[in-house]
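There are two complexes below, and they share subunit A, which is joined by subunit B in the first and by subunit C in the second.
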Partner chain A sequence: MSEPVLSVEGLSVDYTVGAGTYHALKDVSFEAQPGRVVGIVGETGCGKSTLAHAIPRLLPEPPAKILRGKVIFQGVDLLKVPKWRIPMVRGTNIGMIFQEPINSLNPAYRIFDQVAESVRIRRLRESGKVAVFRPGGAGFDYSRPRPPDRSTAIAHPFVPSIPPGPDPIRVDPTDGGKGRSVRSEVLDYLRLVRINDPETVLRLFPHELSGGMRQRIMIAMALSERPSLLIADEPTSALDVTIQAQVLTLMKELMDELRTSILFISHDLGVIAETADDVGVMYAGHLVEFGPVVDVFEAPRHPYTKALLRSIPTRYKTDGPLPSLTGNVPNLSRLPSGCTFSPRCALAQDDCRVDPGPALAGWVARPPGRTNSAACFHTEGVEGLP
Partner chain B sequence: MDSRRSTRGDDLPLERFVRSEKGSDPEPPLLTTPPRRRGAVAETVRTVWLVMRANPLTLLGFLVVVVMVVTALVVGLTPILTHLLLGHSLSATPYPVNSFSTSDASQGPSPRHWMGTDSIGTDIFSQVLAALPLDLVIAFSVAGIALVAGGTLGIIAGYFDTPGTLGGAGATIILRVTDVFLAFPSLVLALAVAASLGRGTEAAVIALLVTWWPYYVRLARGEVLAVRHLPYITAARAAGVTDGTILGRHVLRNILEPLVVYYTLDVGTVLVTFSTISYVGIGVPFGVPEWGNMIEQYAGYLATLPWTVVGPGLAVFVTVLGFSLLGDGLRDILDPRSRRILSQGPAVDSTSAAPIAAPAAGEKA
Partner chain C sequence: MGRNLTDLGLFVGKRLLQLIPVLIGAITITFVLTHLNISDPCSYWVPKAKRAQLDACISTFGTNQPLTTQFLHYLQTLATGNWGIDPLDHQPVWPQIMLALPQTLELVFAALFLMIVIGIPLGVIAANSNGRLADHLVRVFYLSGWAAPTYLFALLLAVVVAPAVGLPYSGAFTTLNPPFPQYTHVSVLDAALSGSPAYLWDAFAHLILPAVSLAFINMGIATRMTRASMLEVLPLDFVKTARMKGLSEFWVLYKHALRNSLITTVTVLGVTAGGLLSSTVVIEEVFNWPGIGRYSYQAITGYNFPGTIAVVVVFAVGVVVANLVADILYGVLDPRVEWR
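After this line comes the complex of A and B, so read on.
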């Protein structure tokens, strides 16, 4: 396997609110390979959004506090990067799409100004006029990049393949801002996210657009900076079902076209199943299972994953209550000793209640033919669960 | 979609559906309004007009302020311009401010003397006019300096208030100093400062400045705190926008509206306070035409020549009323939501209409 774009190692985050300390993330480790979509799934409050915000260091500190761990992005630990340099990483290296399209656009500016801001940030960084954050052989180089040499420019990982059609999307990464107006580029990105009549939309204010349109604009803004990693924090959750389907279809099409690495966070198992290549399942701040989406969904190795999948209603069920998991998610300020899932787990034994269980990275040898790993002592018993 | 299209021809109603679906491909029109081909300036003018039409009092306030400002310019600039052009100063007031004539003394309002005359025959209306430039300039500039200085400090204190950082320490210092100033009633503090500096226009202005800025610190900080954790600020940070740009572009633009509205209303308050300082006798030197000064000067004639006090009092009243009405209207003009309601009728978009509809539903229940 090639070098991962993103590698999170043992990341732990606490929130201190009043006298209580909430362990939002505990020893989370996973890798995102280039060009793959990594899904993170879990219930509300399990730490998904904290994880998404911790990677580009967007967590408000305080109340949040990153206790330990590494966030290695293209070979550099972002947690060790000085805080004032972090804005160089955001946008053009790590892009982000948020949960609330309603409030994620500045209400005071027209759509054009907002998308153009992203385009201009990228152009400024490409132009060689400002210091940028660039992957290099030995760590990162914060110096100014050389002005783009058009003759030898290599294809950017984020070049959308041009779909055949009457109006091909022309996004030329080697252009470096010369020759094309910001406006035409903004229009291209709006077309890229399938907006009808982008000329009109450019002139509108965010409150004049629907939620689905706003989320498309957000996606266009994130893409216009051509990030090598895109973090999508529940991009469809705040939308109603039909719009959700539209946006999801768009994202899936874009994923196929753009072949970028994406961290896709959702509470919806169906969405993850449709979009992700790899999936991580989170429970109470822990990553309990991680592996290719087919393996995890077809043959889960953690009892929580199994229970989560079982709770999806099927169309064949006509009577009786839906299967559900007994008990509640533990209070994050008072986690049970040992495995956090043990109080609700059918397989839990004495060792589970004492030992916190194996952390996900580099433990439990994966049995031959199995590629998903689970933070559980009793993975062999999971298959037998109802 | 292709498979569905292949069924067309069998069934007319179905075909109609397929066609309509094809027409809206790839998504139904999500715009709430038909596109408006109008420039930004024309749109603003239109918004201003719509707000004025919906609320005639705003128009009244606007007119009062415009008339006041234009008159002040004419009165203030006429002596200077005529001195430059003609070699000798002319006054824009109907009668010289310092003139007296026994034949005109102690007259009530009349076509000759709109606001009457005092006991030595000086025209009250001329004095009120002559005071206008001074009063307006001081009101605008004191509130303006307080807006810029206090607003800047408030934005810094609001945005960089993370404890344990340099900015956090700065924010704490700014806020504690502000608290010290806010601990005193503003009028008492202004009077104390003005009194300690001695009588004079500069002393009164300094006293007002010392008193005025802390309110803007509080207001700006509160607004920044409300805005800075909103998703669009986080989104801008995630897009790689630096703190300076976020403050100057994203935060400032969104807190400007309450600040500008407060400023407009505040101009009137400064005017009243400035007049009060003069009225108490520690502001503008005796003899300089100023509304508060005039009221002080003629207070003794309240029983015998009431119009001498009514003239300057009315001037203060009308000016403050004008700014208050304008400020209220400005709030409507600057709010994008009311702008949409005024210009396009009720919103069609369910998501953005929700916050407006919710309170109404709550009242019914």
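After this line comes the complex of A and C, so read on.
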């Protein structure tokens, strides 16, 4: 494989709130390959958002504290970059879309001003008049191979399918910015995210738009800086179901078209299955399983992944109540010794309760023919679980 | 939508109509309070040596009439646009006030300017370093202005600082000879109109110390409100969005966060600006500034009833207009607000 766009190594983050210390992330390691969509999935409070915010150094410190680890982006450890240089990484190198479109646009400025600001930042950096994080490192890379057609990649019975979008992409955003007005470029990006009548939308304020429209504007803003990595932190979770499907379809189409690397955070397994190439499963601050989405979903190798997949409601399953895990997610300030999942795990043995497990010691070697790795001593037993 | 110029006009019109009951109330209350307090004002107005004029005074001003009769008589003259005459020097009150008001407005706007360009950034700095050293230093700074008696800082500036740095500490006008012509009675404006840099600098030099002391005692409100609303705005998602665009911390704070925090600050500054007019009383007395504050002090201590009422009316109009301007700005700053 080629050099990863992003490689997170042993990242640990604590929150200090009052007298308590909460281990939000513990030794999280994974890689994002260029042009691929990496999904991170897990329950509420498992550390997904902390991970998404830790990469572009958005975590408020305090209360958060990055204990150790590396966030290597395009060969540079972002945790070692001085604070004043971090803004150079953001926008043109790493873009981000947030969960709540209601709050993520500035209520005081018109849509045009907000999108144009992003376009101007990118143009300024491309012009070479200001210092940039890594010259030539930014932008969509069309030399990369086109990812496989995702519509046939997954045929999992648990996963609801999303119908394809109605109209094709009309604008290629990479046809140079030089000599064009900012306004025409802003209009292009609004058309790219399928906004009808962009001329009118330009003049509106965020409160005059619906949630779905605002999220499209957010996507347009992030894309207009042509980042080499886009972090989407639950971009569809705050939207209602029909709008969710529309935004998701849009994102899928843009992913295929622009071939930018994406870190897609979601609690929704169906969304991850539809969009991601690789998937990481998180539990109580740990990344418990990581691998290509097909392998992880078809043949999970961690008991938590298996339990998570089993609890998806589906129309095919009508016999009896939906299975759920016994017990509760551990309190992040008092994690159990050994493997954090051991108190709820059917496969747990004595070694699981003492040894922090492979999560801390690195990934368990993948058996031949398998591509997903799991932080578990007893991966061979997972298949036999109900 | 409620956000076009017609709506703004209607809004301003409605608010100015509300001024009428406010003024009637202010006039009535001030009239009653001044006249009830002193039953025989002529004994103050007429010097002791001229007892013979006492009867003339009583008949001229009608001070032996019932209070209601006096009040109706006052309203009758007021309806003709006559604000009465000063019983001491027998000069009409209104021209004197119109002469003093521009001087005070100059002082108030200079102080407001300082409060905005110094107080608001201090609030941003305090919010950004919430709980750390800079936050505490800013708090010490604005609390010392807020907590000290009004005259203390003004006296310190006039007695200690002014001679030390060579600034004039008395009066609104130039000490240069001949003085610049007075067109507007706003000394900086007049000096600028005279076209001479020496005059302009001199007018500024006279303005600096009174404006600084008036700003310093009132700055706390701007800093504190900015800090509080910035702390509310900073955790919001659009601040993260601004950061993730790649904007530097300066633009994130001052273009995105502060713009939304200003809504609260402007409202409070409007209330304060109305109050600034009346808090000039002590400052103007200390710096011998010929403004309306000093006039009101002299009117009250000299039992100049028409002058006192007129000053109260000017202050009331000032408070209402300042609040109106704040409400208009509120709509300008926040596109979700409608003028109604």
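Heads up, the rule we're going with is that the second predicted complex is superposed on the first by the 337 of 386 C-alpha atoms of A that agree within 3 Å, B and C clash if a C-alpha of one lies under 4 Å from a C-alpha of the other, contacts with A are read in each partner's own complex, and residues count from 1 in each chain.
The criterion applied here is as follows: a residue touches a chain if its C-beta (ideal position, glycine included) is under 8 Å from a C-beta of that chain, and two chains touch if they have at least 3 such contacts.
All figures in this text were calculated on a predicted structure; none of them were measured in a lab.
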{"item": "Combined model on subunit A where subunit B meets subunit C, clash or fit", "value": "clash"}
{"item": "First (subunit B), second (subunit C), both or neither touched by A:221", "value": "both"}
{"item": "Partner with the higher number of touched subunit A residues, subunit C or subunit B", "value": "B"}
{"item": "Which superposed partner A:194 touches (first subunit B, second subunit C, both, neither)", "value": "first"}
{"item": "Which of subunit B and subunit C A:77 touches, first, second, both or neither", "value": "neither"}
{"item": "Touched partner set for A:274, first subunit B, second subunit C, both or neither", "value": "neither"}
{"item": "Subunit B versus subunit C as contact partner of A:88, first or second or both or neither", "value": "both"}
{"item": "Which superposed partner A:253 touches (first subunit B, second subunit C, both, neither)", "value": "neither"}
{"item": "Selected from 5-13, 77-85 or 347-355: the stretch of subunit B that, after superposition, runs into subunit C", "value": "77-85"}
{"item": "Those residues of subunit A which subunit B touches in one complex and subunit C touches in the other", "value": "56, 58, 60, 87-92, 94-96, 98-100, 103-109, 117-118, 121, 125, 205, 207, 218, 221-222, 225"}
{"item": "Sites on subunit A touched by subunit B in the complex", "value": "53, 56, 58, 60-62, 87-92, 94-96, 98-100, 102-109, 117-118, 121, 125, 194, 196-197, 200-201, 203-205, 207-213, 218, 221-222, 225, 246"}
{"item": "Contact set on subunit C toward subunit A in their complex", "value": "235-238, 240-249, 256, 259-260, 333-336"}
{"item": "Residue ranges of subunit B in contact with subunit A within the complex", "value": "26-27, 29-33, 35-36, 162-164, 229-232, 234-243, 249-250, 253-254, 336-337, 340, 349-352"}
{"item": "In the complex with subunit C, residue positions of subunit A that touch it", "value": "56, 58, 60, 84, 87-92, 94-96, 98-100, 103-109, 117-118, 121, 125, 205, 207, 218, 221-222, 225"}
